[in-house]
Amino acid sequence: MKELKVTVIGGGSSYTPELINGFLKRKDELLVKEIVLFDVEMGREKVEIVSKLAERMIKKVGLKTKIRVSFDRREALEGADFVVTQFRVGGLDARARDERFPLKYNVLGQETCGPGGFAKALRTIPVILGICKDIEEVCPDAWLINFTNPSGMVTEAVKRYSNVKCIGLCNVPIHMKMTFAEVLGVKPEELFVEYIGLNHLVWAKSIYLYGKDVTKDLIEQMTDFESLSMKNIPAIDWDRDYLRAVGMFPSPYHRYYLMTQEMVKEEQEAASENGKGTRAEVVKEIEKKLFEIYKDESIDTKPKELDKRGGAYYSDAAVSLISAISNNKKEMHTVNVLNNGMLKALPDNCIIETNAIIDNTGATPILLKSPLAEEAVGLIHLVKSYEMLAVDAAVTGDKQKALKALVNNPLIPSINVAKQLLDELLTINKEYLPQFFN
Amino acid sequence: MKELKVTVIGGGSSYTPELINGFLKRKDELLVKEIVLFDVEMGREKVEIVSKLAERMIKKVGLKTKIRVSFDRREALEGADFVVTQFRVGGLDARARDERFPLKYNVLGQETCGPGGFAKALRTIPVILGICKDIEEVCPDAWLINFTNPSGMVTEAVKRYSNVKCIGLCNVPIHMKMTFAEVLGVKPEELFVEYIGLNHLVWAKSIYLYGKDVTKDLIEQMTDFESLSMKNIPAIDWDRDYLRAVGMFPSPYHRYYLMTQEMVKEEQEAASENGKGTRAEVVKEIEKKLFEIYKDESIDTKPKELDKRGGAYYSDAAVSLISAISNNKKEMHTVNVLNNGMLKALPDNCIIETNAIIDNTGATPILLKSPLAEEAVGLIHLVKSYEMLAVDAAVTGDKQKALKALVNNPLIPSINVAKQLLDELLTINKEYLPQFFN
Amino acid sequence: MKELKVTVIGGGSSYTPELINGFLKRKDELLVKEIVLFDVEMGREKVEIVSKLAERMIKKVGLKTKIRVSFDRREALEGADFVVTQFRVGGLDARARDERFPLKYNVLGQETCGPGGFAKALRTIPVILGICKDIEEVCPDAWLINFTNPSGMVTEAVKRYSNVKCIGLCNVPIHMKMTFAEVLGVKPEELFVEYIGLNHLVWAKSIYLYGKDVTKDLIEQMTDFESLSMKNIPAIDWDRDYLRAVGMFPSPYHRYYLMTQEMVKEEQEAASENGKGTRAEVVKEIEKKLFEIYKDESIDTKPKELDKRGGAYYSDAAVSLISAISNNKKEMHTVNVLNNGMLKALPDNCIIETNAIIDNTGATPILLKSPLAEEAVGLIHLVKSYEMLAVDAAVTGDKQKALKALVNNPLIPSINVAKQLLDELLTINKEYLPQFFN
Amino acid sequence: MKELKVTVIGGGSSYTPELINGFLKRKDELLVKEIVLFDVEMGREKVEIVSKLAERMIKKVGLKTKIRVSFDRREALEGADFVVTQFRVGGLDARARDERFPLKYNVLGQETCGPGGFAKALRTIPVILGICKDIEEVCPDAWLINFTNPSGMVTEAVKRYSNVKCIGLCNVPIHMKMTFAEVLGVKPEELFVEYIGLNHLVWAKSIYLYGKDVTKDLIEQMTDFESLSMKNIPAIDWDRDYLRAVGMFPSPYHRYYLMTQEMVKEEQEAASENGKGTRAEVVKEIEKKLFEIYKDESIDTKPKELDKRGGAYYSDAAVSLISAISNNKKEMHTVNVLNNGMLKALPDNCIIETNAIIDNTGATPILLKSPLAEEAVGLIHLVKSYEMLAVDAAVTGDKQKALKALVNNPLIPSINVAKQLLDELLTINKEYLPQFFN
């Protein structure tokens, strides 16, 4: 078995113990020599706390994996076999701003969708492309496993503007599959779920059990659809008539597009004076407590409090993908890959989320058993056209492209509102958006 | 020159004198033996007034064309060479309801877009398919020139569910071209305008003058964009930065999608207690006056008051199309035709609006000089997926399809609102929607 | 583990011991309750010899699988879980005619390509569709594993004209992969070979070893390309300059298209007075000897003489496919499946040969890592257009379609020759082609 | 009316009087100030003879158009509005070699198809790209009307490797239409013929008369199909059963692909000791006589002997195209243009031959009324894949690409023959193929 070096960009994330745990669970199939936790200087305190917890976790199971902290990106990447990205440009404060500023225009404020996700993409894409330049130079054979949100757009930027071997990941598909398995009372591996769409706009098109399509039965069997939500998304229930009409399962994030009015209202309440705060604000509290726990030297396993943070199955998705590549497993995963004709309406070189076979050549999508219904493709096409413009805007710093992108976002109700949102987001993110201010 | 019989379905429309005028203007190229004005019994008074005015108009120019009123559809169609449809199921009262009922949900109320247009499609499509059945039986070689709104969806229903030779028409493209020519100070025929999109969602993608693309110049030269609006659409001005960004001209109807918030507000004001009323309500007043004028036996030309009604260039579009077919002109018109690969993202068998060569074989679209930008295709795809579902719902009376259609309409902000809108529109249109109540 | 019933159509084939051997090798993963060997009355002697050998083979390894002979097709199929087809309409005599009659026109005579393969398709397709009708009625959930040649066209007929769950198989891809592995000195499972094309016109587009594309190296490393041939194809060596130019490996059968002149000459020599006879004639001799051996009651394993017959890896391909379906393995196999956009130039509903994931939902193709070069697609498109017409001709018995098919076959040098070939093949196959003589 | 300058590359061609005649016939719609006849030094004698005849022709009708001879290409192009190319690299001697060298391999020898056309493409494409470079620099707004064969490949090279505005022309479609009109006893302009395919591989897919499809009737009405041939193609008759089967009319050049065997035999006889010689050899004799006539100062009209030369309708095609552009006619012509989805199986950026609307923006193809039958697309796809490789080989001088091209040519029966043909053609054309000998 080959000895692996893994570099984690954003190593000080509160998710890191989850990732470490993933490696520990797969210690028989992955021989990890070294894990380098890279972070920026302002994250020094966090990454040092996390690295010590990681060392305790590794020691407890008797492994020899070396944990190392680095603040020098090129040095950290040198010779890496896998690079995992989980950084957040501007931290939770920037996210909180993303969530709040659209609300006064009655527009959704969210980390990955709408103007908030757009701001995040503008901040993040130049950074990931910088990382890719480093990878091309110091570890060109490394696989980049991208978890950084908005994962679809970030992966698209990497695929279109670099030569790095990159697979984008999200825990939504695995989360949905777990829910289906639970409702049906079977093991997840007994199910075949056909996923197709975009990151955070993916459909579970058909669910097969023992070779039979059970999607319709499943729509009837679920007592409610809240279990189909995730920690970070208000669990407004799906309308069963609508699910019957489409005959598929939307992702939890579809709520933002299909129940926009209700979601905005929910967010405005949370953000109001007596509300619980936006998700970022809630997460900041959780994180504060988590890091207190992480500091506790008696802790040497993944703390169960981490589950509240919202990254369920994160380590399963990431580490099992690393293992599938390393061990040439030819195993099916749901990933973000180039479209290449999977959705014929979309350009070949855009990123979609779908099932793919993972082996040492990377991710190769598998065809759909039947085409996705036109009625689902329409929204996907509109959102993807927004995303492609957003990626171009992030790379070029072109305000016209940024305006076109926002006008194409279905959550924004007019050109005028789009212009105001754009002005405000450029202002409040100025320090992270040099491409727009040269 | 062949002697033609023309049958007008909805012959009692206030537009009919416009149509008659069109035939008079082209009397040297079209030999019309008979024009049959068909209408339903409840329109008897109007159609009789209109037919007498038509007779006076024809007599004045010394033509022999016979005008005849009929209330028996099959008889009226028998042996027709051209059938022009300009009927309105439920009349202006139904249109006024279409315009009002969505407003209380803060959703656009409009004749062809949003839930209003959807209601109109549900009412109209079964009727047009009945007309087509008659045509197939009594005048199978006739050309159906469809002006009935929503023209794109109605034409799509005809193409998918009948064998009638049908071309859908709209006066928006000709209206836009006239405006461009005026701004540039040239004759319309000196311009080549590349149109692509859907009915009421069409783009003037490129405008060529003397073989050069002058689109960008034109964006700068227009002093304002109100001239790009039409009588029936609030003339909210376009943002020049946005036009520069897309580098194309949206149709007047794009306002409903790209300035939704402002348009809804405008409509709500008009519909409020002290407002001027919805467009249908305004039109009812105009029509009342028009018919008073039509009755005046001293009038024997198209009254100039008709221009307020909003159908500018209507007769030019319709009668010049009839002449291009009859005289095998191979002339370019902007029409509603089967997509067949013009927009690759859309199914082949849906209807789009674009330039086509008209001759005695019908309408043959001409290719685009370059693909429509992805950013415009996204919205078109979403709206077309809505339209295809709407057509299916209208034909089948399937409530699930109707719900899916409305959820896919970008003007409706949530599944829950869609359900409420659907319930209300079925209730208030019950007498016209037997397909949903069997 | 589920108990399986397997029905073999053409059970008296000399290949059957190979198939039985395949089941014995996989006895730990497949629990076969019963294997029914169906054949037509004229094959009674052979199927009885084969069934007794099969029983001895099974007894030797101590299994309980029941072997049964049947001459009643519906009865044989009743309740089957898998149906394997390996029949040959008209037997080897018909094949010998297929191989001989084109030669006098200087046209290739071959079992699956050219006019010989066309004749075989015309004879076989009505029979397979009859089998499918039985399957739909008596074992609708059964999987049909088709080995009957021309496998691509036969599978296409089944997919287009029945509802039977069918996967077409061929041993060419596995044969090529074994050769690549041998040359590289690695195990076949360490390689990923990207296959794309048609049955008997498939390309090994890229060969990956440890995640790297080694195709170019492999072209240089092979000392000769004869090992890339098969028992039944004259092993004329490939030109290395040509392989370098295309950068891919053609299938052994590509020789018929890319070295037509030499192949026809080789065949004409074999068929001449002093030649060794056509392949069918050679095979008849081999089969005669094989059945002598099969009769020998002391034999209770697959006789090694069977290897001369030409079906290397046949059982591996078939039985491992059955196991992958039964055991929901999600394993990659190279199969004949619906195109559905894999080759964009070809219609969605035609059959191609490519890699697919096999599980209990059937075969789902995996995308190509890059498009097949246009230069290879051209010939594939031409041959597929021939095949689609051939299938239509076989189903309808329409001579015009048959003529169009032959004119489209790249091995036939003119319309006049095509007409003569068609007349002759209809005459000499009259008893098997009732669809053309009603 | 704008005064035009027209530059003719290959001005000394025997066709030039035909072209001059075309301008004279359209003197009321085209105001030509100057026609520059450019030729290379070795064509000095011919071009001077031709220019004098041209002057006499112009004088006779009393026009003021100035005729000028030039041997300086850039000077000749300076300020041109239209550039017409009708040059022949290597002259008729090279063409004669193209026609002879393949015959000894029993392969077709022809000016535009097979290895002869390939050699011509290799010689011509670098020259046309040189011309385009000049045009880009000295007359970038000029339209290039390309008649130089192989017209499809030459036009493709221009479109892919330059920015020159270019339309490729051929007289085959107009020739076919004239024949159809004659058989039907109508005027050509009363017909609408839907053309689709490649240059010299174009189908008359449907013929409409008074809006009705009369293709099938026309197949029956023609007493023979020789009238569908052209001067330079042996008029072997089409098989009526085959035409019935395909329901379309092949171009005269289709004979080379669909009656290959007979055409090769015909050519071999012509080229044999007692034969009439190849077409180039026949043409050389005709040309010798033509130039004798051209010299005769008493001649001041197009000599009727020119009709034997084979360029019927050449001037109609070229000059009416120039007029359609100049006068913004929006008139339908059959031209060589970028595919852009007309034939979905082919890449967008390859050249096809089809109907297009001609105006001052150039040529815009019109859609097909129904897709071309798959059976015709297959051969087109194969030939186009050959053509694209041939263009690439001509531009790069890459022998591997040249070999791939020839192997993909359906007229060449094996890789080995392709290699021999390639070697020989490079040898005998060495002086014209510097790109292969650097």
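General observations
The letters A, B, C and D name the chains in turn, as written, and every chain counts its residues from 1.
Heads up, the rule we're going with is that a contact is a pair of C-beta atoms (placed from the backbone, for glycine too) under 8 Å apart; a residue touches a chain by one contact, two chains touch by 3 or more.
All values derive from a computational prediction rather than experimental measurement.
Contact with chain B and chain D alike is made by no chain in this entry. Set against the Cα centre of chain B, the chain with the most distant centre is C. Chain A and chain C, compared by their mean Cα positions, are separated by 45 Å. Centre-to-centre separation of chain B and chain C, using mean CA positions: 57 Å.
Counting only residues that touch two or more partner chains, chain D has 344.
Checking each pair of chains for touch leaves A-B, A-C, B-D, C-D. Residue ranges on chain B touching chain D, taken from their complex, read 190, 192, 208, 210-211, 325, 328, 330-332, 340-342, 344, 356-357, 359-362, 364-369. Listed in rising order, the residues of chain C touching chain D in the complex are 238-239, 241-242, 244-246, 258-262, 344-347, 374-375, 377-379, 381-386, 388-389, 400-401, 403-405, 407-408, 410, 413-417, 419.
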